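Take this structure first; my questions come after.
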């Protein structure tokens, strides 16, 4: 965050909308506390340079880059196929959606057709990843609120069942490396499909129990309602995407907007919030999980037969014709996109990732001003960031 | 009424407490080393070189040191040096073999791209994950001898995949054998050329 | 008799130490120790109710008020320590000290002490309660109000008499991260 | 069951037999020393057991087995993890005790000692059994809260002595929490003392003896003001011992370990021992005041010795503490103090009024007693709903719309 006094946000802040003038006698010095990078609740190596007046936050400067692995420059020196396993490590919780976004971008670049069964399989895997991610978030957010591990353990118990499915299909729980340009690496066996169907049918019951455990809880409502409220216009101008944007009431879901991957064939709804605060962000994700279950069940019902990989797709020596392409999908955290420029050689000329959690993180200070340290932790939790994706 | 949310939460935790003693859906802990979870067949971790039989692993390696996997491996953790001489492979054709084939397991991320790009079905993914060693350097660099494992082992860890690979190889070898036989027959039927062509 | 001397020693020692130590927090805690010594006196005298009330009120609550007061206020400037080397000042100190001591001894000697200590009247807690709530209810409420007012007054007085030291919001925003804030007075 | 069965007077007989070897003047001293060692040994082993039970209960709630590996060393016997507290104890003893250079050495050492001392002091007046009261005091309840009140001092010392930003912030939070919850704690006990007519703990337990129609015990918790008082006491006890919804001082997610950040080794273990002792003491007092101390729940069950009943009730209350810890998220510091001042204290005062009404209407007999119950319940329910509505103003589960 560059010197914030020139940006318009600062002028709005220093007008003291909700921060008292610091010089009145009852307030002593400002306490400068650095939370992280080694801090139990910052979801990875992320530091917040917080200036406190008593308990309320007067200034918050996010500091990150500790997990920067030069992903994009590396992409320029490896082949298109070689970058695919690295996309698993971008958002290490949802490797299937990262792979799909990258494969989509390369397919648009090379004009590579994809068989129907592969698209259906990709939709099923992406919605399973969304279930996995939102369950994880619910667990982490409530862990930050102070429940000593119980909701987190329930969330991880369900997540493990989904990861077992991914392991049986792609060979690895989290580093799936499963999509190829022109389809999926292997086909889903009937036993796998039966197991996946049984899991999604049982998932609704888990969500009901989870909501009974937490959503009506007065303490949680007190801790999250009205905390870190985000206004729609600020969200749009800051480029926020995903559940965080929909929580403010803006109707923007790439699955409906772009209509990629046969999503228009499935009937599902997009939940919208009204206040854009932490409670809305949490509840939107829980409702989205219920919609994902519907999509997966419809996809299972109409899964066509046929090849899962386009026979003419070339694996090695893949040289797309010079040009550029930007492939994007609605990842669990927001719009994840890959911008590729090809100069005809096997390596991309420019390989750029548009990570949703990095963009959503830029508004952390605006959401936290005027709140206490305990709220800042929850607001960060509700933005749902993964440092692998933020630092790339 | 104030507190009803808290009470319903307490009820759920009580149900889980009781459930964790008898309900299989909630009894999910596998107490590793005593109990081992069954690995799915598609599980992959660290590659290995396939040799035709266990008696002479170095002699019957399928790998012909074409170095495609070395080029395609994203983290570049494979190092191959071709052999000077040649030896006959399964179909009798003279082929090179790798004098040195090292994989640095501290760099390898088991992404299985080498298996996809290998045209000779010579390298496959193993299912070994507990390979802790005390030595940080040499022990993590697996040499050719440590990497080579017989085809029978391949059948034990990936049965369906191994069966397909063997079927495909069998058809290819049969086709190669017929072609060689046809070529030999054609050569025998054709008039005796002045001098037999040098060894192919 | 031994217990009485022991308790007296502890109370006087902690009170004296509280006065002499430079570290304010240490002296506040030692003050609390001397109040606990007072409670021990009551216990030795057999008045359990008063002893527990003393511990509950003083060691529990008033010590917190003192500590908060110490934390909230900072000395505006370091107290000037005048060297007591001049003979005149030492003389004056001796005279006043001696006079006060004389008054005390005079009072003690002249007070009519009965030969044998009369046995302390055994009063049950129930009677104490009725007495307190009955005849002395008014006094009890007034003392309570007095304490609250004293506390609030102390906080307001302590906070307003020093000039604002806090950094203004604008200066905070413009300052590059990591540079220390305005040097706040060191801990007392 | 007559009061002097061999089981009931057992511990006393043992003590008298042991003390009989000493000359007359030292007998009283030896007797009280024996009582002290008995209480400390009992509650120290309960502390060790409680750490294991807490981790097992928390684990089972989260569908995992909990510690079950530490058994007898060098053998395969696992003992269901009973070796775990032993292992934790040894680990804590052998860990290096780091004192930060800028720390205030004297206070840094004194804080855990003071906290533990005050926690143990409170055990003196809790009646563990019919004849098992360490110290028979006429103002027992007042003594209990006097000893408990000084824990704030020790928490402040710990926070201040570590001279570190986080622990100072946490010490302030801890003080605000302890002070604002001492009031509801005391106010919830006042009706009990008022109705029981005595401050001595044994007197209060005796008054709760007897069973109506042989089935319903006359414990305070089965009266309207007793139930409300117990609820307020339970919530305030949770806050006083820094337990789950109120474990703000050591809120891991915000201030790492709060005022315990700069402590390691055995001092850290002392803090936890003090916290568990404080929890046991508060639960013991809760059982004494509201759940009929060592009284048997049913008349025909009275042959079981009284200290067994006290132990059983104490364990149920402790398990309730753990159950709450496993479920509820944490409150923020301002919500916590608002809950105390704007909800618990007014409710406790109303409860005082209801208790007064209850004692005045003591002589209503026959069918009118039901109306007495109803009036008392209504007098409590009204403010509860009104204050509850004001406390959670604007908080409600929301209905969400869907994009077209």
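To keep things simple, chains are lettered A, B, C and D as they appear, and every chain counts its residues starting from 1.
Definition applied: a residue touches a chain if its C-beta (ideal position, glycine included) is under 8 Å from a C-beta of that chain, and two chains touch if they have at least 3 such contacts.
If you're wondering where the values come from, they're calculated on a predicted model, not measured in any experiment.
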item: Chain groups still in contact once chain A is set aside, others held in place; value: one piece
item: Maximum centroid distance from chain B, chain identifier (CA atoms); value: C
item: Chain B and chain D: spacing of chain centres that average the CA atoms, whole Å; value: 61
item: Chain centre separation (chain A, chain B; CA means) in Å; value: 33
item: Interchain centroid distance [CA atoms averaged], chain B/chain C, Å; value: 80
item: Centroid spacing, where centroids are CA-atom means, of chain A and chain D in whole angstrom; value: 44
item: Sequence positions of chain C contacting 2 or more other chains; value: none
item: Contacts with 2+ other chains: residues of chain B; value: 2-3, 6, 9, 12-13, 16, 26, 28
item: Interface hub residues of chain A, defined as touching at least two other chains; value: 150, 154, 157, 213, 215-221
item: Residues on chain B engaged by chain D in the complex (per definition of touch); value: 1-3, 6, 9-10, 12-14, 16-17, 19-21, 26-29, 31
item: Interfacial residue positions of chain C with respect to chain D in the complex; value: 23, 25-26, 29, 32, 48-49, 52-53, 55-56, 59-61, 63-64, 67-68, 124-126, 187
item: In the complex, chain D residues that touch chain A; value: 58, 61-64, 165-166, 169, 244-245, 247, 251-256, 325-335, 392, 394-398, 400-404
item: Residue ranges of chain A touching chain B (in the complex, touch as defined); value: 78-79, 81-86, 150, 154, 157, 160, 164, 167-172, 175, 177, 185-186, 209, 212-221, 315-316
item: Residues of chain A that touch chain D when the two form their complex; value: 31, 33, 39-41, 55, 142-150, 153-154, 157, 213, 215-223, 225-226, 251, 253, 256, 269-275, 279-280, 283-284, 287, 372-375, 377
